[in-house]
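Structure, as structure tokens:
Each chain carries a letter (A, B and C) given by its place in the written order, and its residues are counted from 1.
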Amino acid sequence: MSDNLFTPIDASLDTSYDFSRPSTSYWQDVWRRLKKNKLALAGLFIIILVAIIAILGPFFTAYSYSDQDLKIANQSPSLAHWFGTDNLGRDLLTRVLYGARISLSIGIVASISTMVIGVLYGGIAGLAGGRIDDLMMRLIDIMWSIPWLLYVILLMVVMQPGLTNIFIALALVYWMPMARIVRGQILSLRELEYVMAARLAGAGSWRIIIKHLIPNSLGPILITATLTIPDAIFSEAFLSYIGLGVSAPMASWGVLASEGATSLRSYPFQLFFPAIAICITMLSFNFLGDGLRDALDPKMRK
Amino acid sequence: MLQYVSKRILSLVLVLYIVITATFLLMHAIPGGPFTAEKKLAPEVLRNINARYHLDDPLWQQYTDYMGNILKFDFGPSFKYQDRTVNKIIADGFPVSLQLGSLAVLLAVAFGIPAGIIAALRHNRFLDYLVMSSSTLGISIPSFILASLLIYFLAFKIKLFPAAMWNGFSYMILPSISLAALPMAVIARLMRSSMLEVLSQDFIRTARAKGVGQGLLIYRHALKNSLIPVVTYVGPMAAGVLTGSFVVESIFNIPGLGRHFVTSIYNRDYTVILGITIFYSALIVFFNFLVDIAYVLLDPRISLDKKGEN
Amino acid sequence: MSFKKFLSLLIAITLTGAFLTGCTSTGNKDSSDKPVRFGQLGEPETLDPRKATGQPEGQFLLQMYEGLTAYDADNNAVPAAAEKWEVSADGLTYTFHIRQNAKWSNGDQVTAQDFEYAWKTLLSPEIASRYAEMLFYLKNGEAYNSGKVKAEAVGVKAVDPNTLEVTLEAPTPYFPQLTACYSYFPVHKKTVENNADRTANPETIISNGPFKLTAWSHNEKAEFVKNENYWDAGKVKAKKLEFSIVESNTTRVSLFENDQIDLTLDPPPSDVERLIKEKKAEITPHLGTYYYSFEVEKAPFNNPKVRKALTLAIDRSAIVKEVTKAKQIPAGAFVPLGIPDAAKGSDFRNIGGDYFKDNDIETAKKLLAEAGYPDGKGLPPITLTYNTHEGHKAIAEALQEMWKKNLGVQVELTNQEWKVFLKTCAAGDFQIARDGWSADFPDPMTFLSLFVSNNGNNHAHWKNAQFDQLVSQAKTTTAPASRVKIMHEAEALLMEEMPVLPIYFYTMTYMIKPNVKGFVHTVTDYIYFKEAYVE
């Protein structure tokens, strides 16, 4: 379909047809549909629970994350230490609780920043198409090809260790797959009839992106965003290897799990507890993500 | 099409040029060099070494020399492995990574796509939940933990597979599962979601109303249209998996390229860093090109050499 | 692992604790058909003895080549490629007589020219050997390497095919031991001269040791077979060696416990306790000290009292027993156990004794108060830096906790990637940093000369004129008794000033199958497979 067959209606005319429904009922609608999805609700519930435990939990244990007792190092789970103890005799349960704070915030911040940057970038590239799209995609190719480790080491040298650094290091890479996915979606969506129709009706680019293209690409966007969370949590463990992570003795889930993986043969419980914590959280995020996808999807509305 | 391809090749060269330059500068910017050792070398010894590898030349000259050599496809000698060239290291390591990676990609696609389709067709029913839960597990367990667990249970506890090394097919199974788990899970989810998306669209409803059979419907209409996000993902993923994974190759002690990619940076083995980066980015660009071609094949409405409309 | 300097290699054995494992009995004929499978620590950087620098190379080269001397089962340096040698009265000239029946793997005679060629090319600026320093003992070795004199001036000369004359820069009583190290190995001049690449691949390597390398798959595995042309081939029991090249320590444990290798070393700390309990591992001495450096140029560590307070307030016995678990020895001084003192059979460490008490919190508190920081009050923030490694991390965390509990001193921990860490140490860009040193050779000097003002490895940047003077005095003193006495004085001064915080003396953990016999391992973690076999 070539563009010059049609001429846009004068946008000043008040006859412009609004293809979207009023937004007031939209979110109520989403919530109504989300409530019907049991798994998603369970996911949401567990996430809130984990967040509460992460915030308040450490106040209720008898130990601190750094209290050592070398005599009881590497003990299996017991009544005194539900999750057992680590190589310096620290209570593993307490360390997992503290680790939740770090890892949850890393996961959430990483996936939100990924979403914002990636959706904008990919959206613009896909919609603009042609030369701009080409240029923007080549830029991703370039950034993706330069070894991440190199700029992470540089970042470590320039800055002090801490959470901000990790956020930057993670945001530097994770937006790229998201941008690619969004751009691919937009490329295929923008040719669809209803987008054409909206455009013909005089809707501006931004309006098309926000009202039509993004809601219709929400599936892959949410999937990629929820994928980013576990990835970010474990990348943090790698970053702490370079020296970018939170300083010992504080430890994130990723660090606890990767240290547990090396002692798997001798003290399997040191891997299982942090790994189970991560898995449960991830399952919840994914169920919620799937539920949200279904709830937000305009085509699922009745 | 020809014009498009030549344009892409031109842009590949440009991309590579920028990648090389940026990597070159970055690796010289980070602390430590190839000969920074725990026990410091005597100054005269270090001087001889620097002269031999031309590291005493000004940086711009090292850069132009390097660029000149690349045009001859000569990536230079490794600083760490003194008797090996970068070309040789890539030639040794890549076939191994390629072999392992292909098996992993195959596994991921062969199981991921059908799982996603089944889940979509059985939306909100038992099979859907099964696929979704196991794929979530696949996403939540990173390869180093999965690999450790596989070795612990399948090699150590029940002696089903070798724990590590690279000696034939039985040695490939555990590492390729470790590599494939994540992409398989991602593909299943992407497939399911875009399949659901497509199934709810008007043309499918129309086809259904016209009485097109389920199998044909999926095959002819839904599958093709829902593959776009999967293909977008598979492109760079395949490039990544085929060039090898540091974690999996280290844990299973596989002599692939992935290990060199990371250890060369720790060793500050400048030539190896650059050589593998170039190789890797050429591969990435090539795979993304394949992805764009696939778009056109899958959806005739997408055209690649169209000018921007806005 | 990175401390391994091979100079320590064989010299160390003669005097200290290398030992023969298992019995040296004559294994039955069938047993030698089984290959000996070894888990090698890393990929060799090269197999040219002239360019080799570390443990992975040494482990290969020791099986493939043989120097003028070698070590026997009782850890004596004995004639190897040379059948005997003489020393001149001034200790400067050595004349080595090369065995008539010493043969290369292709049947050629091993000649004095092969040695002369190898040593001179190693020192040449063109080859730019990273281990050139190893041959600076030769007269004009250093001068030739820095381009000041021609190759002819270097103190090594083949008088005839069987006689090698070596002139040294200074008397070096342990020179025969040095020639057992791989930097002093010969190369097959006839082939290498025209094509240096011939030392790189199993197809072209011609070697003169007990085994020939037949296959080498990079970063994966290597195979050696018995060298039938070796002059002492009768003593070589195994027909074949199989090396798996495994960098990851957890993977080495997996392979060992999965019966894919027969012996290996250095498991991760978390497995040591279990492996010992299951009788899968043995612990052997290793000549080295694990310590921390204080950056003494900046407050508060410019005050020796603060340094001492932190040093005393540590429970080393607890660290060794509960954290590292490989029977390391708590350090009460800097020079480790295992170095001979002047009197025969005595140990430098035992004579010198401990310079401070372990876990002496009382004194530590007093010193800290005297320094003006009672109960840690008023101390500026302190950061402890270590390179990323699970073992270093655990010790750093333990120290942090002990200082907090015992002295009320708050310490932050920072970890860095290895080469970044090396730069940090060299630049003095830290307050307290993890450090360590393994023997160059079993003499207190290798440890003490570290702290001379201009030494590049003196990360504490500690400068003391009196100490410098004592060290140079010891270097020029030849009478053993007075030399050792001066070194004891130097160590006492070092411990008085405490620019470093000693923690423990190293050990090494070996994983060995009970049916592996006849191999020799050294205090510097090298293994000789010449007489090894699997029962």
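Convention: contacts are C-beta pairs under 8 Å (C-beta built on N, C-alpha and C of every residue); 3 or more make two chains touch, one makes a residue touch a chain.
Everything numeric here is computed off the predicted structure, so don't read it as measured data.
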| item | value |
| --- | --- |
| Comparison of A-C and A-B (more C-beta pairs in contact) | A-B |
| Chain occupying the most central position, where position means C-alpha average | B |
| Chain B and chain C: spacing of chain centres that average the CA atoms, whole Å | 40 |
| Whole-Å gap separating chain A and chain B, where each centre is the average of the chain's CA atoms | 21 |
| Interchain centroid distance [CA atoms averaged], chain A/chain C, Å | 48 |
| Two or more partner chains touched - positions in chain C | 250, 254, 257, 417, 420 |
| Multi-partner residues of chain B (at least 2 other chains) | 30-31, 148, 156 |
| Set of chain A residues in contact with two or more other chains | 153, 157, 261, 265 |
| Chain C residues within the chain A interface of the complex | 250, 253-254, 257, 268-271, 273-274, 318, 321-323, 388, 390, 393-394, 396-398, 400-401, 412-417, 420 |
| Of all residues in chain A, those that touch chain C in their complex | 66-68, 70-71, 73-74, 87-89, 153, 156-157, 161, 240-243, 247-249, 259, 261-263, 265-267 |
| Chain B-facing residues of chain A, complex | 3, 39, 127-134, 137-138, 141-142, 144-147, 149-151, 153-154, 157, 177, 180-181, 184-185, 187-188, 191, 205, 216, 219-220, 223, 226-227, 230-231, 234, 257-258, 261, 264-265, 268, 271, 275, 278-279, 282-283, 286-287, 290, 293, 297, 299-300 |
| Residues of chain B that touch chain C when the two form their complex | 30-33, 35-42, 44-45, 47-49, 51-53, 80-84, 89, 92-93, 148, 151, 155-156, 159, 162-166, 250-255, 259, 266, 268 |
| Sites on chain C touched by chain B in the complex | 2-3, 5, 43, 45-48, 51, 125-130, 132-133, 136, 142, 145-146, 197, 199-201, 217-221, 244-248, 250-251, 254-255, 257-258, 260, 417-420, 422-424, 426, 456-457 |
